[in-house]
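Following this line, the structures themselves.
Okay, so chain A shows up in both of these, paired with chain B first and chain C after.
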Partner chain A sequence: MWRSRPPLALAWLLPFALIFGGFQLAPLGYVALGAFRVDDGWGLDHFREIATSPFYRQAIGRSLEIALVSSAAGLIVATLACYGLTRAGGRIRRVLIAFTNMTSNFAGVPLAFAFIILLGANGTLTLALERLGLVDTFNLYSRGGLMIIYTWFQVPLGILLLLPAFAGLRREWREAASLLGAGRLDYWRHIGLPVLWPSLMGTLTILLANAIGTYATVFALVGNNYNLLTIRIANLVSGDLFLQPQLASALSLVTVALLTLMTLTQQRLTRGRSTCG
Partner chain B sequence: MRVDIERRRRDGLALHWWILVPVFVSLALPLAATLLYAVSTRWGATLLPDGLTLEWLQRLWQTPRFLAAFGRSLVVVVASLALSLVLILPVAFLAHTRFTGLARWMNVLVLTPFAVPPVVTSVGLLQLYAGGPLPLVGTPWILIFTYVSIALPFVYRSLINSLRGIDAAELMEAAQLLGASPLVAFLRVILPNLRLGIRIAIFLSLSFLIGEFVFANLLVGTRFETLQIYLFNVRRESGHFTSALVITLFTFILILTWLGNGKSEIVAPEERAS
Partner chain C sequence: MRSSSATAAPAAKTGRAAETGRAAATASAAYLRLRGVQKSFGETPVLQAIDADIDRGEFVTLLGPSGCGKSTLLRTIAGLSSLDAGDIAVAGETITHLPPQRRDIGMVFQHYALFPNMSVADNVGFGLRMRRVNQAERRERIDQALTLVDLQAHARRFPHQLSGGQRQRVALARALITRPRILLMDEPLSALDAKIRQHLREQLRSIQQTLSLTTLFVTHDQEEAMMLSDRIFLMGEGRILQHGDAESLYTRPASEAVASFVGAYNTFDAEQATRLLGHDTQGRRFAVRPEALYLVADEPSSSLPPNPGPGCPGRIVARQLLGSIVRYRVDCDGLSMNVDTLNRGARFLMATKTPVVVYADVDEVRVMS
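== the complex of A and B ==
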C-alpha cells in the first residue's frame, strides 16, 4: 500500500465535495425541504393544492400518459429492431448501430426543430402526406405529435440498452429448442423472452424516467402550452407571472416520487432473476 | 429440398428487413429533412427542393450573433470540463486506490445527475443562488459549476475504467520505493497513463454539455446566450438558416462523440444468427 498521510489525501476531496455538494446535492435538499415550507412554518399545503387542483392533476396524468405510451411503443420498436439487428449481416449491423448511436445524440431543441421541418404545418412530410391524400391535416403541436417525437427519441435509446441482452442470447439455445421440436414462436415464448425479461423491464424503466424528465424538446416545440410536470415546474420558477418556488418544489418531489416508484416496481417485477448482458 | 431451404432462408431475410427498413428510415427522416433543408435554395410546397446551395452554411459562419454564441458555449464547456478534471481526478484516484468506502459512495453519487431531472435541480439552484451571498443566477459561473456536477458520471466512469486498466496502486508503490513523493508519483507516473481515459472523458462530456439546454435556459437564458439558447431564439426564423445551424451543431457533437467513442464498439458475439 502506498502511503501519504490520510488527512492530506482527504483534503484533495474537499474541492470536489464543495462543488458537487453545492450544485447537485444542496439544490435537491433545498427542494425536499422547500416542498414542506409554508408561510407560517411547515405543512403539506402544497401537496394538498396539487392533489385538489385539476390543472396539476392533469399535468401529472399527461406526463404519465406520454411516458407510458412512448416508452411502451419505443420498447416494442426497439425490441423488434434488436431482433432484426441480430439477424442482419455483421457489416450492415455495425453501420446501423453506429447510426443508432448518432440519433441517440440528437435531442432537445435541435430535435424539436428537425420535427418542425419534417412534420410542422409546412413540413416536408406533412405536405407530401397531404398531397397524397393520406392525412387531412397533421398537427405536430398536439398530443399525437408529441407522442411521435417522444417515441422517436425513445427508440435509439431502447436499442442501445437492449442490444447487449440480445447479444447474450445463445445460438445453441435456439438450436437445442429446435432439436426438441420447438418452433420459432415456442422458442421466443419459453426461452427468448424470459431470458430478456429483466433487461426489457430495466430498459422500460429508463425509458419511462427519460420521458418523464423531458423538458427541452417539448418546451422548444409548444412552449408552456402542453400541460406536463416538467413544464409546470419550470413555469413556476421562471415564468413571467408570479413565481411559486415552494409549489415547484412540491411538484418536483411528486416527480421524483413517481420515478422512484417506477424503479421499485421494476425491481419487484424482476426480483430473483439475474440481469444478463 | 434444396430449393425449399433456399426459399426459407430468403423468407427469413425478408422478415428482418421488413423490421429494419421502416425503423431506420423513420429514424433517418428528421435528420435527412433538416440536412436537405440546410443545403437547398428554396423548398416550398414541393416534394423535393428547387436547388442545392451552400449559401446558408456560409451565411451562418458570417453571422456575428452565431459566432458570439459559439464562443460563449466553448468558454463555458471548456471551463467546466477543465475544472471537473482537476476536481474529479484526485477523487477517482483515491477512491480506486485507497478508500474503498469512498468508491461505494461515489457509485451512488454518480447516478444522481441521471436520476434527477435537470428541471428539478434547477428549482433548487434558482433559490440558492438567485440572491444571498452567492448571486450566481444569470451569470456563466452557475452554468460552469452545475456542468461540473452533471459531467461527473462521464468523467468519473471513464477515469475509473482507465485506472482499472493500469494497476494504479502497484505503480504508486513502485514510484515511492524509488523515492518519489505521492504527489510527484501521481503527476509523473499515474497521470500520463490515464491519457486514454481523460481523452474519452473530455470528448463524451463536451458533446453532452454542448447540447445542454435546460440549465442554460432556466439559470441564465438570454443574459448569456449560448448556442442552444441562440438556436431556441431563432427556431422560428428562416428554416434554411436554422437548419444549417442545427446541422453544424450536430456535426460538431458527432465529431466529439466519435473522437471519444472511436475505439469502442458494440458487436454481437454471434457473427451470424441461425
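== the complex of A and C ==
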C-alpha cells in the first residue's frame, strides 16, 4: 500500500509545479537570457551600462540603503514587540497578533494612500504635529518619509516571522540561568539572543528582500521622483518612451544577485548555530 | 490491628515518627526550614501552611499526585515562585525574599533545560562563568563535574547530540558545579525510559551520598521515592499528609488518602473488616496492603499468618500479571479485594473462578484516621 502512495502524493504537487515553473522559473530564465541579449547577439553591454551609469548606480545604492535601514529598524522594533508579546497576557497577545496579521497584508496603494492622508503635505497628523509645534515641516515624499513607510510595513512581517522563534524560548532556560547566577542581561547575552540568532538573521534577509522588491507602495507615493531599482525596472519595461526590456532584465538580474548574496551571507553568519532540543 | 496512634508508636522507637498533617519541628537543627509556606494561584490554594524541617545531607522526596503542589513547593524554595506567606531558611539564614541568583541553590528540571546554543562543557561551566571564576579553575571543575556524571568524553558535544539520560546527567553536573547548599530536582527522571531511569537513580543516589548533599526530589513515582529517599513527604492538596521513611510510610499509612497513594491498599468499612477478620474491630475505616492478604486454594496450608482467623471464602474474578507479582481480584460474597502473591511460575497461577479463602494478617490491618 505504502509503495503506491508516494507517486500519488507527488501528483498533488503538479498544480504547484506548473505554477512555479510557468510564473517563476520561466520568467527568471527569460530575464536571465534577456539580460545578456544585445542588438547584434549576446554580450555584457547592459551590465557595463549599469556599472558605468551614475543614474543606475544611484538606484542600486538607494534601494540598498532604504532596504538596510528599514529592515534593521523593522527587525529591532519587531524583536522588542515579540519580547513584549511573549510577556503579555493571552488576550492582549491574541488581539495584537490579529492586528499584526492584518497590517502585514496592508501594503501597496492602500498603504500609500493611508500614509498620504495621515502624513502627506496636508495629512491629519502632519497638520496636528505642525500646529503643536513638534515639527516645522514634514515631507512624506522624501527619503525620510519613505524610510518611515518602509519600516511600517516591515514591522508586522518581522513580528510574524519572529514570533515562533520567541515562543521557542523556554521559560526553564531563564530559570536555570537565574539559579546559576545569571541576571536578565546575562540571560539574553548568553542564551536568549544566541538561540534567536538564526531566526533574527533569517528574518533580516526576508525583510531585505521584501524592501528591495517593493514597488507598488513606493510608486503610488512618489511615482518616478525617487530613484530605486524597482522603479527603474518598471520604467524600462512599461513607462518610458523608449522601452529597454533587456536592460530591465539586467537590472533584475542585479537585484537577484544582491538577494542571493544576502542569503548566502545570512547562511554563513548562522552556520552551525541552528540547534534543536 | 493498629490505630493511627498505634502506628506512630513503633515508628517513634526508630526515631522517625510518621506524623500526620505537620512536619517534625526540630527547628534549631534543621538545615532547610519551611514555616507556614502558603501559595495560591488566584482563588485556588496550592500550598497550605506547609511546615517542614530537612536535615543537612538528607535526601528527601516530595511524593504526590499531579497538582498536589510538590513542584510549586520546590519552585518557591528555588525562588522561582513567590510566596503568599511563610518563611524559608537555609542554615539559619532566611532566604524567603532573596532572588534565585543569591540563594545558592541548584536545580535539575524535568526536561533538562540545557542551553541549546552551548556545548556540554559550556553548559556545565555556565554557573562558574556567572561567578567570574577564572578559566583555569573553571576548566578543572568542569572536568571534575563531568567525571562525576561519567560524561568526560562528551564535553564538546551539544545537547541535541545527546540521549535523554546523558542530557539529564549534564543538567545534574551543571547544578552541582557551583557546590550549592541544596539541590532541588523536579521529576528529573520522568522523561526517561525505564532502564535508563533505573541506572540514573542509582547514580544519583550515589553522587548525593558522596557529596553529602541536602537534596529535595520531586516525583509522583512511589517506587522511585522509596528507592532513593531518606525521608518521604507525601503531599496532597497542597499539604504534607504524612512523612517518614519509606518503610513507615508504606506500612503505616495514617489516612485513606495516603493509603490510596502508596501501594494498592484495599480499604474496608467496619462491617467488611469484621467479615474479613472474623471478629469485631474498633474503628470506621480500615486498610490492608494486597501483599498482606493470603490466598489459599486448597487447605490446609502452611503459608498462613500467625493469627489467620477463620478466613473469608470467595472466588478469583480477575488475574493481572505484574512481572514478579501476580495480582488477583477476589470476590468474597460481595466483598471485593486485591491480593498480591509472588509469581513463582505458570503452574502456581490460579485461574479465574477458582474458589479460594482469603486470610488477613491482623497485625497488618491499619485503622484510618
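Please note the rule applied: the second predicted complex is superposed on the first by the 249 of 277 C-alpha atoms of A that agree within 3 Å, B and C clash if a C-alpha of one lies under 4 Å from a C-alpha of the other, contacts with A are read in each partner's own complex, and residues count from 1 in each chain.
Just so it is clear, a residue touches a chain if its C-beta (ideal position, glycine included) is under 8 Å from a C-beta of that chain, and two chains touch if they have at least 3 such contacts.
Predicted model, so just to flag it, every value in this text is computed and none were measured.
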item	value
Simultaneous placement of chain C and chain B on chain A, clash or fit	fit
After the two structures are overlaid on chain A, angle v-u-w for chain B, chain A, chain C in degrees (C-alpha centres, nearest 10)	80
Which of chain B and chain C A:H190 touches, first, second, both or neither	second
First (chain B), second (chain C), both or neither touched by A:V222	neither
Which superposed partner A:E175 touches (first chain B, second chain C, both, neither)	both
Contacts of A:L204 with chain B and chain C, given as first, second, both or neither	neither
Chain B versus chain C as contact partner of A:A81, first or second or both or neither	first
Broader residue contact with chain A after superposition on the shared chain, chain B or chain C	B
Distance of closest approach, chain C and chain B, by C-alpha atoms in Å	6
Shared chain A contacts, counted only where both chain B and chain C touch the same residue	175
Parts of chain B lying in touch with chain A, wherever the complex brings them together	12-13, 15-17, 19-20, 23-24, 26-31, 33-34, 36-37, 43, 45, 47, 83, 86-88, 90-91, 94, 97-98, 102, 109, 112-113, 115-128, 142, 145-146, 148-150, 152, 169, 172-173, 175-176, 181-182, 185, 207, 211, 213-214, 217-218, 221, 228, 231-232, 235, 239, 242-243, 246, 249-250, 253-254, 257, 261, 265-274
Chain A-touching residues of chain C, taken from the complex the two chains share	78-80, 99-101, 103, 105-107, 109, 111, 113-118, 126-127, 129-131, 158-160, 167, 171, 174-175, 178
Residues of chain A touching chain B in the complex	1-4, 9-10, 12-13, 15-16, 19-20, 22-31, 34, 77, 80-81, 83-90, 93-94, 96-103, 105-118, 122-125, 127-128, 131, 152, 155-156, 160, 163-164, 166-167, 171, 174-175, 209, 212-213, 215-216, 219-220, 230, 233-234, 236-238, 245, 248-249, 252, 255-256, 259
Residue numbers on chain A that touch chain C, as the complex places them	170, 172-173, 175-183, 186, 190-191, 194-195, 197, 273, 275-277
